[in-house]
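Got some structures for you, see below.
Look at the two complexes coming up: chain A is in both, with chain B in one and chain C in the other.
== the complex of A and B ==
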């Protein structure tokens, strides 16, 4: 965590992990691996840094425990895959790691991993166990997301101008540590959770008209994008505005970018951006722009999630957000960003966004 | 008024005449178990075997019975049943085999297989009506004398035996015994309600019986005995006042040898003391010294009511002879291939003044099919009941018992499913059947309650067996799991640490071998607390 960046011999770290387990085995002990617990119960909200941080709770994963055996195997398997990657100086995607680990255990019908979510979770565990980030483990996420704006960067020797990349924009890689910003000409960054909305704004060259950077991913914000946002925020002092659906998942996307996520609380420092603002859609937008007719009824699971979110420590003492949650409950409804399109296809570009940004009509 | 011709009583009388019992039989074959050719074959064998067993037990002879079915033509068979019983005295042979409603069992209350005395003579008549052939009987009652040989028909009008042949013959291979041969129109078919099934079940609940069966295909099956111990001799009891219906009470009043009502009550019933007899007479407002045959019908009715208002001690129960838990298990082991057997004999209980005992047995696992409903073997006084499964109190009791608690799956209100044979036996001086063909036990609440208690008891034993089994299986699976994972983990760890794979693997295997029981014990404990979830 804190030491993460300082570890300069990841391969040695992994080997040390292996040697430690082997010495337990040679001592005829039930071999176990210690892992900090990654769950809400072990996540603390640090009021000073305003980020989520992992607590001190630790779990043990031991081999001779029926409930752990498979996870134990997955952990050492993924660790050995990573060690091999480091040794050969190669990178693999999460999907690759999944296929490298996937095989049927002889004499059983059990696969080492059945679905990618399992190996993905183990990679996150391994980060905690080894104090190494995924990037240091030579494992990449799939790239996912587009960016456009008056920005020039250098990536692996190539100079890339974000304003000259046609209709697709620059697709954000999973690892943005090694790019350098040559020129950044923007007043703010607008991040949206929907690629369709991004495409619409890009088509109208919104970033050119309003001198900003527009950035999106599909659904949950990936690490690469979160890190890119953080670098723009930290290195170029650009305000970041989040445009998301008016629902719990939209709120949580904002929460993750701002405070860090429960799952990856161990790397909050490298990811969280406490200065992020929530642009919309807010309940006051609903009233102001008359979006009620595009309401979608809240389902059982929405209400459950709403209750959960409203109880998170980092939202609990925030008056504005509590009012927001309360209103949504009163409406019993949610709405999508695209509800704005009902007011005309360029309503968002020409009216909604400029008005919101001009009036600094944000939720914090 | 329509000009219709009036029919006089005299004219009606021309059409009225006595119906002979035999004619009644022809029209009501189904009442006695001769509904169809398949069932006729079973009923015939059943009556003959029941008689043989009853006779052997009464004479305290360990029974050896031969049953043979010979194919005469596609729809005609000859049934041969031969026993080593006490034999029958010459004079009685025609009556027993060729006169309906003749027998010793109807008039007494004791635990025996047959009850009505219709049985075997009905089979003779059925054979005679369908093939025209007489029944052939040979019987030897005295080892030093010759055997009697009879060929008999029934005069269907007068219900009297017609003796076609009456000879004395040598039968050297038998000390005593009886052999019956009846030819009849029938159908032989295997399956649930077959002769084969009947004999198999008979062998289960009569572990003292040695049976040889030769089927129509000539295949011989041996059912060896599991014990030479005969069932305890059942005691005969007098009827209990609560078990007597009004009509029978009137008949008893008429037939009694007692001179006074008081004596009648005290002598012709069980559990009636002088005090109780007086109490009944007082309640019925009848003079206790009145002559029983003079009691008028309405007075008998009062007497009947008075009996039911008086507190009378329950009947003695030592007259009912159960098979016993040990012998039920022996019987099941002999004929059912399973891995677990259990049985329970309940204490005697009483319904309507009749003592009865319920026993239940259960076999589980082995080669029994696990994806079907349980098999139910029902018995009344050691006689298998093969028909009318769904009408039987036994079935209702099984279906309304919750078997899920005992590890079987069960749809609501249905028989449970699983590799199980459930055996239920009811022994009583008078088993209440739903009909005269004696195929299903009537739904008396007292009987259902006892059956359910017996089932719950065997169910609990089954449940603990299944749980133990499941646990052992789980432990084995766990050990197996570790064994399978060890090479995988060793190989990954070897790559990770640089240590040689075989060294890691050997250590892990050693550890597993040494500490498996402890490891498993640990896991079990943790499982109970639910803390193994990683």
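== the complex of A and C ==
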């Protein structure tokens, strides 16, 4: 399969796609676009790079094929929308792109797209065809999350010091491709799934006391944050620790950051961070910090999800994680990060995190 | 009813509550706490202040009453947790407070609270009893949202310029009580329900071109953002315009910011902003900007919600809003802000918003 790389000329890539189609037409051929198959059957776990990747299966999308015509048109339409955005130096959300593509084909009653799922799928296809990420195509995912630490960046002509932004922190944009790191003074990055936990650490100036970066979103990690984590990991060799709940949802947040997701397997190399470690909450924390009284009973769907996750290729042969899954099943319970607050509002800052990090008590 | 005011000494208020209970006990009385009834039956729309408010009904919570004992204990427990937070100068989330209160009463198998709904309700009671907002009690709601504009604030010793924060903006904290405005150079505040719309406006430097502040959350407005809007409105006389979808959810976002919510009626005076105006999307925009082709059909639950909203006291006698509701019913359809992107990614910035604001084309 093709190697995903950061390309400097996305407009050129899209132009190449367009010119290729034009030259096929001029040669009186049935114009076609080649696309790797994006389905679970073509997703594999690369044990060497430790990321989810697409396999070698390819499909063709051709114009004179009743089953393909509309998809072909949609692909060219979205490529053209992206090209315009790049030309104008503007970005759009997936929802914007949907409305831009939702025009009626002149002389017909047919819309280029009718539902957002159609344009979303084509955007993902376009990532594959052009070997560019959605962010490089100027199509942004949702914005979310805050960050603080001894870091200075440059973005849109502004110099921004992440250590001097009061109680709020810097609001992480959906697209972090163009930010430049001017100074990074940190030993590691602590990423957490909950904004409330971030505010607690920030109020305690945890990042200042322990010389690290604290970063949060709310719930599932956005693409902007995954890319920010990856850039800090790759460009500044910073270890990344994930602080999440002791539940399947927390485990999955870690899994996506580390290995990539099935849905976005084609972009894993741009997004996955194999060196990420799970800091907690873990089953040994439950025992050590006496959190059993704050257990929440697993429901039917939790147990089903636990089984699924424990069978993922990348967890199947990992004995530490298998022990973790087994214990959770035995407990029949999950627990939240905030359960640590039962020991006092500063306990996580003054005891839990320093102890875990000092003892390198991670799950990998 | 009591006038809600910004109190400078929240610890003193809680101490007063505690001392009052102690003196009742010393006088061999059955200790009790008086609390206004917090139920729909005691919520009224004040036509003069144009906010939702609690009525005059009061209840008593006494210790030697089997039906009250636990609630009494919970109230004192949460007051004590809040007092500790204030003493330590730390804040906690509602979830943290739940875990802090969830301790077993010595010598029994009874927990002070078992579910978060119990501690949440007591926090709201405590707001009423102490006449302090949750934020003043150092108990924070969720953090969300971004802001940009020609504003300089001071927060936690940092000076923060909202016009120099790159593509991300300042991340709005859950609690904005302690920030100080050093410079506010803006003609109005544009508040929007969607982070993606904010990123679009920010990329176009809309706030710079039109000398305003742009502020967003994602979905329902957080308390931190409502208070920030209110402070800009009250302390700096800035008009607030709400940019939301043409649907019941968008209308309700506006309604809550302007009039307060039924749930938090006791705190309306600290949160509601009677001067807020609804900028769009409106039914006349649908006609004027030719958005019908981007209509989304109303479902059963939309129609039900539309009926509910149209019957709210504060909308019932407002003929502009009634026309709005009637038209939506006739259309049988709703539409999103992003539908404007069908006219190009800059259309909202260059045409829609400037026209609407210039013509004062608001719903009030």
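Note that the second predicted complex is superposed on the first by the 252 of 364 C-alpha atoms of A that agree within 3 Å, B and C clash if a C-alpha of one lies under 4 Å from a C-alpha of the other, contacts with A are read in each partner's own complex, and residues count from 1 in each chain.
Basically, a contact is a pair of C-beta atoms (placed from the backbone, for glycine too) under 8 Å apart; a residue touches a chain by one contact, two chains touch by 3 or more.
Small disclaimer: the values here were computed from a predicted structure and weren't measured.
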Query: What is the contact status of A:173 with respect to chain B (first) and chain C (second): first, second, both, or neither?
result: second
- request: Return first, second, both or neither, reflecting whether A:156 touches chain B, chain C, both chains, or no partner chain.
  value: second
Message: Is A:66 touching anything from chain B or chain C once the two structures are fitted on A? First, second, both or neither.
response: first
Query: In the superposed arrangement, does chain B or chain C reach more residues of chain A?
result: C
Query: So, does A:338 touch the first partner chain B, the second partner chain C, both, or neither?
result: second
- request: Using the superposition on chain A described above, determine whether A:275 touches chain B (first), chain C (second), both, or neither.
  value: neither
Query: Of the partners chain B and chain C, which touch A:90 in the superposed model: first, second, both, neither?
result: second
Message: Looking at A:354 after the superposition, I want to know if it touches chain B, chain C, both of them or none. Which is it: first, second, both, neither?
response: neither
- line: chain A contact set shared between chain B and chain C covers none
Field: Residues of chain B touching chain A in the complex
entry: 478, 481-482, 484-485, 487-489, 492-493, 495-499, 503-504, 507-508, 510-512, 514-515, 519, 522-523, 526, 532-534
- prompt: Inside the complex, what are the residues of chain C that reach chain A?
  reply: 85, 88, 90-93, 95-96, 98-100, 102-104, 140, 142-147, 153-160, 164-175, 178-179, 195-196, 198-200, 203-204, 218, 293-294, 336, 338-342, 344-346
- prompt: What part of chain A is in contact with chain B in the complex they form?
  reply: 14-15, 17-19, 21-22, 25-26, 28, 30, 59, 61, 63-73, 76-77, 79-80, 83-84, 105-108, 110, 112
